[in-house]
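Per-chain residue numbering starts at 1, and chain names A, B, C and D are given in the order in which the chains are listed.
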Amino acid sequence: MTVDVGIIGATGAVGQRLIQLLDPHPDFEIAALSASAESAGESYRDAAKWRINHPIPETVAEMTVRETDPDEMPDDVDLVFSSLPSSVGERVEPDFCEAGYIVSSNSSNARRDEDVPLTIPEVNADHLDLIEVQRDERGWDGALVKNPNCSTITMVPPLAALDEAFGLESITVSTLQAVSGAGYSGVTSMEIIDNAIPHIGGEEKKMETESRKLLGSFDGAEVDWHTARVDASCNRIPTLDGHLENVWTDTAEDVTAEEAAEVMREYPPLDLHSSPDQLVHVYEEPDRPQPRLDRGRENGMAIAVGGIQETDGGIQFNCLAHNTMRGAAGASILNGELLLENGYL
Amino acid sequence: MTVDVGIIGATGAVGQRLIQLLDPHPDFEIAALSASAESAGESYRDAAKWRINHPIPETVAEMTVRETDPDEMPDDVDLVFSSLPSSVGERVEPDFCEAGYIVSSNSSNARRDEDVPLTIPEVNADHLDLIEVQRDERGWDGALVKNPNCSTITMVPPLAALDEAFGLESITVSTLQAVSGAGYSGVTSMEIIDNAIPHIGGEEKKMETESRKLLGSFDGAEVDWHTARVDASCNRIPTLDGHLENVWTDTAEDVTAEEAAEVMREYPPLDLHSSPDQLVHVYEEPDRPQPRLDRGRENGMAIAVGGIQETDGGIQFNCLAHNTMRGAAGASILNGELLLENGYL
Amino acid sequence: MTVDVGIIGATGAVGQRLIQLLDPHPDFEIAALSASAESAGESYRDAAKWRINHPIPETVAEMTVRETDPDEMPDDVDLVFSSLPSSVGERVEPDFCEAGYIVSSNSSNARRDEDVPLTIPEVNADHLDLIEVQRDERGWDGALVKNPNCSTITMVPPLAALDEAFGLESITVSTLQAVSGAGYSGVTSMEIIDNAIPHIGGEEKKMETESRKLLGSFDGAEVDWHTARVDASCNRIPTLDGHLENVWTDTAEDVTAEEAAEVMREYPPLDLHSSPDQLVHVYEEPDRPQPRLDRGRENGMAIAVGGIQETDGGIQFNCLAHNTMRGAAGASILNGELLLENGYL
Amino acid sequence: MTVDVGIIGATGAVGQRLIQLLDPHPDFEIAALSASAESAGESYRDAAKWRINHPIPETVAEMTVRETDPDEMPDDVDLVFSSLPSSVGERVEPDFCEAGYIVSSNSSNARRDEDVPLTIPEVNADHLDLIEVQRDERGWDGALVKNPNCSTITMVPPLAALDEAFGLESITVSTLQAVSGAGYSGVTSMEIIDNAIPHIGGEEKKMETESRKLLGSFDGAEVDWHTARVDASCNRIPTLDGHLENVWTDTAEDVTAEEAAEVMREYPPLDLHSSPDQLVHVYEEPDRPQPRLDRGRENGMAIAVGGIQETDGGIQFNCLAHNTMRGAAGASILNGELLLENGYL
């Protein structure tokens, strides 16, 4: 028995990755695709400028793109993956939830809302039950679940491993982010070739808040955010895929580099279809992980860590994840798998 | 009256920049060029694969390359600029000093030696008199003066401004470094296109130590290193020139972003030929400085700063400098100008 | 006495280069700037996202942007440089000409019109007098003069040298074009990093027709297009500035590589302000010209040629020019200088 | 039954691709690896700086690297894949052949020798029997078989399709070649970022001669080279993998673009393990093929063609192949499979 799913915002960079990851998928079957009103009525092949280096799946290519409206969704769709621009997501995602759809969304709107679960299944699956609070408050039959921002997803698993074992007091992070994080047209070639841009609008704030919500604890009623101080500085570099990050932490207990590596390596994976066999891969080579070489580990769903060193007061390390796989499309699908596992579908 | 200068290690990336900056120069005139033994006897045009996008100066092109040996230097040379590989510099620079030459060196050897001045003229010109200690101890007629590593030079001027005004307690820095920092053949295209490398051998250590020596105080006998904790993480990115850095500081006194900007902007420049009119340029635009757009400010000798923000305990900012101009060739020439100004030539 | 000039379409990539080249200029002074209606009323600083690595000229930065309409032009403007999108140029350039302005345009509309001079001053200055025919036919007080497409400008000077000396029968050209040729937002980073695109819409046709018009002869009434067969294939590559082209020709007379080099080197320059001292620079090194190293020759206004070889029936060579300088903004300014020299201003 | 194979020159870029393609392979099993004398005795993991974005196969990682000498080969090895530098290949490949090994070589030496088969199995498998001539002349028990240069392999299959159907009279080709074609260290980042290089040493000559030998006919005694005139111009661009080429042909018979596409599409594939299901993929989209999007078709073994147009006298098209897969490692393996199929192993 598979679940029929819809994809809203299906033509963009993340939408295309969603299709790539769902073709095929053991639990989910694509039943509907939506995009902006101008594309409605076109075949997906015509509406999407397909730019992934795997051929477009033939069955999807011939599907007709719908308007992004719950009334346009087929009745048998139970789960909707959303990769809408946040301004659109803010407007239409509640409509889908109200109409009874469960929405697993990558859009940045509502991530910090008190009654919206923000989850990385391997890290804080228990937060998912915030759905009950959400339904009580909003009167929805459906539900809205968010995955975090791609740069946040990259660092949170190794941070969670450290936090559980040694307690985190502060986090400082500098990111080297790939251009695909801004969507296909988000960064022009004139902006980024032979260059780097030390600013990504709103990104620092996202990392500083979403990480604390993810690392927080849920008592059945609300999420108590982690109290660690988080300082982020975000940079765009001329790399296609894969966000690389330099992280410094202060820990409550003393930690050696070996202990840090060990708790990261042993951080428990999940048995969900898209969850990697090992969540955090720790490299011994000092020059790894590197975006082009390591972003594809475990189908792009692993977190790669390297350069673990002790500092005066904590641990310094580098981490990397594929921003449109683990950091976006794969994250939404993994949340979908968690929803299924936990009986919400 | 101009000073005749020699350039040892003249064919590499920094050597070519030295020639570009000295053609012409009001105080210095190129009188001799050296390279490795294989190139000795060739014209500079043949020995150097000239890759700067200004034509090679004609007078230099026809000069004969010498061996890197003090016996090969013409007698009328008083100042030698060194851009040798550090392993070679370690071996031959003392020979030049012993033979009476004053060496302004960009090579990384000996920078942390107790009796070797490591100077950025605008920041710690007073350290130059460590030459007296050096001569006493080593019995040299010449002298050895070093400029710091390119990534250190980039951050130290704004840090010095903050330190003087508010006191620095800790510094955390993440670098996005251009490929030219590794020399022409240092980074292959296969390594860096669509990629980034979170490791530059020895660079973190250089930043952590050289910055503390530069910000230290000299009492006429020795340099008392600054006590701030410095943590660095160094990355190579696919950019040609210009090192961009994200810096976080903890300061002894409270500082606002405006105050931080003000002390940086007002940090006093020097009246040396190669010193910029304004040492630190502060940008208000949040997405600046950017390597390609801003590395050329004031002939590549300015430091560009942006993204100044208050943090809990200090100030966060981004800074940028042209790594082979301000960070290497220009740094050595500026030290040469300081030596002249201070009567050592 | 300087001529007051207006720039219509002043905020784009070519518009910014026009401003850079006119600040200052001995004959022309910027008196008015226009852009699309949304920008009208803003300062140029706000309306243009300035992306050239020279600071924006202060006087220009504070000018108010006007609507692109002849009624908005100050009366004392005599010459208008146009870098409008071709669809806009097609609509408004005739209005300016009818209102009495002389328009030197880089836009691609109307280049092949029978009564519109398409000129590279060093190559076919005599075509300028097509203005008389144009005024007769259209009843304009003003006039419309075009420069060719950037990729066409790159190859025509060396081709003209060969044609005059040996006669051209066929031309085959493959281009490696920089991203700036498409404007700032024309090529996204996702499209071009680690990639190349073997298609630029309409470009092959432009090269095949414009080159034949430029190499044609003007008898005072009409231009008789050159009869050489021209086959072009156009590619976009991940380079910022500078179009590189591989060219093969069949010539009527036998030519040696040396003879070809000689006629190119000796192709006469003009004495206009922006015309280079030597129009065609011929490199002996087989791996030159290269975009990054050679696009800046003579302030970006020279044509660089290399790799000249004899083939069975003709000559093969590579050529390069800076596409937004010699190939666009500089080309329009040079046409402006020619208009002044020939008494049209 | 599998054939034990050795790889000589196993640590370079092509050597690594050979290992990737042979792990696993239904017919071949890696039994020995060689590299230069300095690496001999090391594990492959230590000797090779593995840079492919698939993890190094564990069994291979622990193999001990041998010297490149037939005496060092295990007795049970029957087939040797060679990806040596050509100067080394020239010296040692004959030793291996004399010692009885069959060598399938990617090295550029000896490709034009009269008695050395140069084969693309789908195109000229019949040339393989030149081995008999070779053995007669050289008295070898082994044999030497070559695959062509990567840029030649890219264009020959579509040219062969055109030649068989319509007859080729001349070929003009411009290449946009990826940096991996020069090996890992062949092109530095300083040379190629924001740049292109219109020269690859010896490459034009390789394309002009190897293509004529490949398209020639073999009568059992010698290969009669094709008489078409071939003119090539070769360029390096900032792309990692995939050579893109613009090709113009003059054909003996008139051809329409549709007919050209048809004969290319229907060009018969082979039933060898590594031969693609369809040899030439023809794209209708005018902007395809593109290196990053299309180099991976059919595991990197397909030829992609697009932009087919009629010219005055022939056909113009663009073609693309993965240069280290179809153009090097895959080509040698395919020749190995052909040797097996034809009973030479």
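Convention: a contact is a pair of C-beta atoms (placed from the backbone, for glycine too) under 8 Å apart; a residue touches a chain by one contact, two chains touch by 3 or more.
For clarity, every value in this text was computed on a predicted model and none was experimentally measured.
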Shared interface partners, meaning chains that touch chain C and chain D: A, B
Comparison of B-C and A-C by number of C-beta pairs in contact, larger one: A-C
Separation of mean Cα positions, chain C and chain B [Å, integer]: 41
Distance from the mean Cα position of chain C to that of chain A, given in whole angstrom: 47
For chain D, residues that touch 2 or more chains besides their own: 51, 193-194, 238-240, 292-293
In the complex with chain A, residue positions of chain C that touch it: 13, 51, 179-180, 184-194, 238-240
Complex contact set, residues of chain D against chain C: 172, 174, 176, 193-199, 229, 231, 233, 235, 237-240, 244, 246, 248, 286-293, 306-307, 311-312, 316, 318
Residues of chain B that touch chain C when the two form their complex: 51, 53-54, 193-194, 292-296
